[in-house]
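In what follows, structures are represented as structure tokens.
In the two complexes below, subunit A is the common chain; its partner is subunit B in one and subunit C in the other.
Up next is the complex of A and B:
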């Protein structure tokens, strides 16, 4: 079997041995936290205190950090530049040539970066330490239809094939004289000769795949037995409930902060 | 309801992973050719056109989740509803026969692009503080300089790229459908909508 297309890095660590549902619940908490934590610095604190130690526990700290930085940096730069420099009616605090950084914009950029950091890093933490098929099995057990799990897993497996097919077509067409460099019009004209073979080839793929599925009685109703077994422990169950409570607490806190001035008035 | 069950037949099931892989592959070809477009929903639009709005919506949704899970672009995942809407609209336009004529297909793409820009603006604004980390943030900067709010600026940025991107995607799908043999097209649940 070819390597699936994913970020998963196999390691022998406690983090990897956790049940996928526990990690999913953690991601849920971080998502809600990232979006709804009040103030600016809570997201950064949560990242340093919760996510980084977990990444270290999972022995993926270096690739994890480089992925987080690679993903978050463009947003941070854009935020600081766009919202920092162009905040309408803001109070200038730092000069940059004809423009100036506005205080409100920089505060907004700090909060926004923290939010993105939480969301992206929690998701990356999940994908680095969880096998795709274990994740899909968890979702199936929680009621997600089998078909969805099949689709996700199959996609992750066939994407590398399609990418190499696309590269092959690129090389083949180039060797037949297709111009892929030059001005925009030249490059745009290269698009159709590259896309068309890819699409026609995949049409055949679809038909073969459909036949293969039907031959294996995939559409048949009834539960399916699985080869994969997931291990769960009591303390993980407890952690999951604590995380759910924490998530609700964050939401409640945020709602309270929103309601408070309205009640007073 | 019968039509809905027919939409989710085996060939739709087989088609969705391929459509998502096509989304990714074409998106990367466009990126490699340094063309200032995304064209990352051609597969979704195709599924919407030949298998109906709901299968199209599912394809869009799962496509975004795969972008995230695979590590290609985890930051793209919050836009899953937008991708779903693109598939949904492609399906509805197909139902109304817009994929039978090339210029109607392009127009459907423009409208879908506008809807996508409209829906992604609040997501960009709330999750990402109004920017996308791409070069088009320059447009956002210009509008912010004029005093426009965060959501309208994000919408302006979306409108500058989405309608064109989707119009071309819809046109490509129209071209593909024209080139498909009838025998193959008939296996899809909405074949009568596009022939």
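Up next is the complex of A and C:
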């Protein structure tokens, strides 16, 4: 069960107790790995060997897998359909009447899905196991300006906030007789009376939240204090450096693979 | 404590002023209620006292606003923040979202002001007790009811020890139970007498109970200024777009029916009504 307006799932776990910077460094590695791992399967192996065990360590395996499937599956299905069926030329591997799946398209879809899986799952792992305030403090302590750190924090909260506001507006419109169930056209038509109050209401919310922040001296310059305490350990510092080295190694490997044919040519 | 001299303010692109040649003085420790119909300028006055007019909303401001020795127009919002506290109507939007628990949400303002952690903890315990939120200290602020969130907003400002607290319709989005909870906190706050309080409010029955003084705004102008009973039972209330309290209405009906003497002052509160009909 996540906390209201946050993706964080409170659990008593080692993963939750990790310093946010350690988890951020892992996300950085997964981002670079997801984008630059060569071949098809390394991203899937990294997901199975690194990310999934960490989710199990964080005792969030079930909601984590559910969220990963919900976010990755639509991309995977559309990639397989679009790239598999409409790859120009290519070798047919499966015929379905006039349609045929091409081997090259399916390989491209598998590679793309692996990249999305690795990047999305690492971000979900971070947000499910890290309190937003601790993440904000970590960023501030590392020199990120407070307002930028706050924007990053609210970005994590924006999806559940938007969802809640949209549900309230939808309920209000339904109570006035708006049809929201039925065929695609009816559902599309129901979106219009939802979008306008949602957007206008969100602008008012942003304005009021900005005032609330100013009232609490958020814009004040000078030294600030905090009640939050972040625990760091030597082994985590070592892990972070290893992750940084691994990220640089992935980048170097990718650059080598890119340069190799040019050097030989 | 508060001194306004000839304040006129236009919102950007507005042709008519939201505040029109407004002058007033409020001494320290007074609870001053601001009433008026919608669009009369109550919220604009609140935002002007807290510096959001003109620093946040821009527009054109003329005249002089001084709050607790601060020249509002010449000071930044960050400079005003510790001295003037503002609470507005939407409790949900006053939760910053920057902290995980009620306890830490209260700390947020003090953290920005650089208050030492030990002092912060002591002040937080004090205001949690004051607002009856001690049992909810470890909850997420988003998990609270509207009334609890509004009490949290009030103490989050109060804990910064401002000299002036401005409340802009703090109960307008709350149910009767939530409103009662918030007014109980305001009653205790007023009784402590440590802060000057400006309360913009529609619920005149509460204004009649709490206020030391009532200001009436109409079209951005100050049209009446006096003790609550005198203002709230006066004949002009309808002209200002306001409804008398139910106690005044009942008493006036009795008076019109010839059951009471014309010389008696009409009541605006329950206690005064009991006295009136005794």
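The working rule: the second predicted complex is superposed on the first by the 192 of 265 C-alpha atoms of A that agree within 3 Å, B and C clash if a C-alpha of one lies under 4 Å from a C-alpha of the other, contacts with A are read in each partner's own complex, and residues count from 1 in each chain.
Following the convention adopted for this analysis, a contact is a pair of C-beta atoms (placed from the backbone, for glycine too) under 8 Å apart; a residue touches a chain by one contact, two chains touch by 3 or more.
What you see is a predicted model; the values in this text were computed from it and never measured.
Chemist: Does subunit B (first) or subunit C (second) touch A:214, or do both, or does neither?
Modeler: In the superposed model, A:214 contacts both subunit B and subunit C.
Chemist: Could you look at A:133 and tell me whether it touches subunit B, subunit C, both or neither (first, second, both, neither)?
Modeler: The second partner, subunit C, only.
Chemist: Using the superposition on chain A described above, determine whether A:176 touches subunit B (first), subunit C (second), both, or neither.
Modeler: Neither partner.
Chemist: Considering only touches as defined above, state whether A:75 meets subunit B (first), subunit C (second), both or neither.
Modeler: Once the two structures are laid over each other on A, A:75 reaches subunit B alone.
Chemist: Mind working out whether A:205 is in touch with subunit B, subunit C, both or neither, as first, second, both or neither?
Modeler: The answer is both, since A:205 touches subunit B and subunit C.
Chemist: Does subunit A have more residues touched by subunit B or by subunit C?
Modeler: Here the partner covering more residues of subunit A is B.
Chemist: Would you sort A:150 into first (subunit B), second (subunit C), both or neither based on which partner it touches?
Modeler: both
Chemist: In the overlay, answer first, second, both or neither for which of subunit B and subunit C A:262 touches.
Modeler: neither
Chemist: Based on the superposed arrangement, let me know which partner A:166 touches: subunit B (first), subunit C (second), both, or neither?
Modeler: first
Chemist: Now for A:112: first (subunit B), second (subunit C), both, or neither, which partner does it touch?
Modeler: After superposition on chain A, A:112 lies in contact with subunit B alone.
Chemist: Can you list the residues of subunit A that touch subunit B in one structure and subunit C in the other?
Modeler: Dual-contact residues (subunit A): 5-6, 132, 150, 154, 205, 209-210, 212-214, 218-219.
Chemist: Quick check on the complex: what are the subunit B residues that touch subunit A?
Modeler: Contacts found on subunit B: 8-11, 13-18, 20-22, 24-26, 28-30, 32-36, 42, 58, 62, 65-66, 68-71, 73-75, 77-78, 126-134, 137, 140-141, 144-148, 150, 172, 175-176, 179-180, 184, 187.
Chemist: Mind pulling up the subunit C residues that touch subunit A in the complex?
Modeler: 50, 52, 56, 76-78, 81-82, 85-86, 88, 90, 93-100, 103-104, 107-117, 120-121, 140, 142-143, 153, 156-157, 160
Chemist: Which residues of subunit A touch subunit C in their complex?
Modeler: Touch list, subunit A to subunit C: 3-6, 8, 131-134, 136, 150, 153-154, 157, 205, 208-228.
Chemist: Write out the stretch or stretches of subunit A touching subunit B in their complex.
Modeler: Touching subunit B: residues 5-7, 35, 67, 71, 74-75, 77-79, 81-83, 85-89, 108-109, 111-113, 115-116, 119-120, 123-124, 127, 132, 135, 147-148, 150-152, 154-156, 158-159, 161-163, 165-166, 170, 180, 184, 187-188, 190-192, 194-196, 198-200, 202-203, 205-207, 209-210, 212-214, 218-219 of subunit A.
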